[in-house]
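We call the chains A, B and C, going by the order they appear; numbering starts again at 1 in every chain.
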Amino acid sequence: MDTELFAKLRKQHPLVVNYANFVTPQFVANGLNALGASPIMTLAQEEASELMTPADALVLNLGTINASDMPMVLALAKAATKLAKPIVLDPVAVGATAFRAAAAKRLLADFPIAVIRGNAGEIAFLAGIAAQAKGIDAGESATSPATIAQRCAERYNCTVVVSGKIDVVAQGHNLATVYNETPLLPAVVGSGDLLSSIIGAYAGIAEEAFDAALLGVVTLGVAGEAAASQLEATQGGTFAAVLLDTLATLDVERLNTQARYEEARRA
Amino acid sequence: MDTELFAKLRKQHPLVVNYANFVTPQFVANGLNALGASPIMTLAQEEASELMTPADALVLNLGTINASDMPMVLALAKAATKLAKPIVLDPVAVGATAFRAAAAKRLLADFPIAVIRGNAGEIAFLAGIAAQAKGIDAGESATSPATIAQRCAERYNCTVVVSGKIDVVAQGHNLATVYNETPLLPAVVGSGDLLSSIIGAYAGIAEEAFDAALLGVVTLGVAGEAAASQLEATQGGTFAAVLLDTLATLDVERLNTQARYEEARRA
Amino acid sequence: MDTELFAKLRKQHPLVVNYANFVTPQFVANGLNALGASPIMTLAQEEASELMTPADALVLNLGTINASDMPMVLALAKAATKLAKPIVLDPVAVGATAFRAAAAKRLLADFPIAVIRGNAGEIAFLAGIAAQAKGIDAGESATSPATIAQRCAERYNCTVVVSGKIDVVAQGHNLATVYNETPLLPAVVGSGDLLSSIIGAYAGIAEEAFDAALLGVVTLGVAGEAAASQLEATQGGTFAAVLLDTLATLDVERLNTQARYEEARRA
């Protein structure tokens, strides 16, 4: 795990352009801000290129994707690709509707997506594995998260994060499993959206997308556990605020001592 | 009051499709999530039918209704009607503009709305009773909330909730008055939106819309009072988070012991 | 400083129509509500005139301005102008893209904007002074905030607020500098948006836009300091809620005793 990236984020404040869903944008922006990144959200196709020029990364969240936003999403992805800025894709509820599936698959076909992050159901769908999905965040599959992540990573030749009680990060022959977790993270609508954007912030300053994804997962997991340790397991409302407080005080030492993960890399 | 519905919600996690206003969607989603329901928000007309198929209910919130969203709103309502899923209508500030009035009246004319929930001013307007409205939530009338609710329920042949210091639920010859209240609920922008969506969650698993509406009002009233009991009467910011915490720990016993309401039903 | 305006706001609950960005609308609405104003947000061009008729002020926030919203923004500005209701402009990230610059400049050219509020980078850009901007809120310039504010005020013949560690309010020969501040305000995404809307609320009931702007800056500064005094300097998440609590309990005495500012007025 490359905790140097954390120090670099605190120093450089990477600018993350977000195509955000309209449900959780403030939570995502506050989370990025608390961590030390610089968020910006846009709805204007005309400014795609100018926003991506100083930006370090692009995060495309499909939570409330719709036809009239698509030209802007494509313009952002095109600008990011031209400028070689990494793109993170959060395919929210991708298996639930043909429209979402078509949007995600078009983005995956036409642009070099660096990281895909979703729950097991969403990633299984993209990987072509049968799965069940209900609502925004749920998603179960008979296949193991590691297998789902690896197949999706292979299919789209990128880094893939499967979020859940255990998080898995896969890319080529690299595989990491992160055990930091708290039931309070899924209690907050938008915690997955925030994770995708945190991965985007790291990806914007990392050499390897896999490092960005792994550190992103550990960052939210460690901060989440630290925030949860001050609360009852049912205080999801209060937790959202305390999580932001905790992201602001996170440091390399806490990341190193409290991260619980396994990592297997092969050349 | 049918508290079995509460236990059923906790077990079945009804999926509530929300056409949400853009001001309070995260609060509504977190509230539904804390209670045990499963929220999804959409802005894509193309996915209306696919989202409504697994869904248990549809909530249409007109808080920031606009012309370009109308085709999607109609597609959602059409799909819900075809699939016999209950529709809850929240006619935010309906009396303030002709556009909102036209949107609400079209929905009421073309689709079998199960529940309408609003403040006295909004419901009086729909019932054809003169009233005053200013801003989002205010709304007063010389007519009693019970009469307003009953007339509106009669006109549109549905269940109607009038929210205020006292809440009234009316449908046909049934009438309930709920006394649970706290000044902290109106201090949070979106508490009415959340109530409409909670009623939607119950309506999706109830036999009778009246039962869903009454239990919805009691649920937010009891949770609101419990949350407020930990705070000063001015802590509206903190209350929003504690309310979510409280919704997550609500149980049938608290609902039964702390509900304060009168109910009159006639065959 | 005209603290009578504060008492008047608490009594009259001015109605503020907001064209809000989609990132922070709930925080802005809750902040206005806590202070005692009455917020409404809209996305429908058709209702511009009807909403502005009972309204006291219009706030145009360009945080996520886009082409399809422009006709509505223009309709709101036109209605406000016709009805002589003050308009506050928040030119978020105006220097970052040609699209934002064109939108802001068109509004400034075509309508009598009462107050412009932004950070040093945004206001310097509008004033034609070279500056650096990155992300939403950052913005630095070699020129002093007072000079930036004065030049912008002169150019557009209005009141201008430059927000930062020190806030400056300029209009004609009037200049005020406000020293109340806390690092927790910039830690909350949307605190600038809230300030613009608070200024709008005061402007709707003030004789002079300068008085509204100065009191708005002092209001958020004093409330922010009071909220921060209960917290660690890193608790940005918790601060957002406590700030709302504090706005609700603010009174004239606290404003008078805790305001720290200098004011120079010339006839």
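Everything that follows uses one rule, which is that a contact is a pair of C-beta atoms (placed from the backbone, for glycine too) under 8 Å apart; a residue touches a chain by one contact, two chains touch by 3 or more.
All of these numbers come straight from a predicted model, not from anything done at the bench.
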item: Topology of the chain contact graph, where touching chains are joined (line, ring, star, complete, other); value: complete
item: Cα superposition angle of chain A on its copy chain B, in degrees to the nearest 5; value: 120
item: For chain A paired with chain C, centre-to-centre distance based on mean C-alpha positions, whole Å; value: 33
item: Numbers and ranges of chain A residues touching at least 2 other chains; value: 22, 26, 68, 240-241
item: Sites on chain B touched by chain C in the complex; value: 21-24, 26-27, 63-69, 93, 96-100, 134-136, 138, 187-190, 232, 234-238, 240-241
item: Contacting residues of chain A [partner chain C, same complex]; value: 13, 15, 20, 22, 25-26, 29-30, 33-34, 38-47, 50-51, 54, 68, 72, 240-245, 248-249
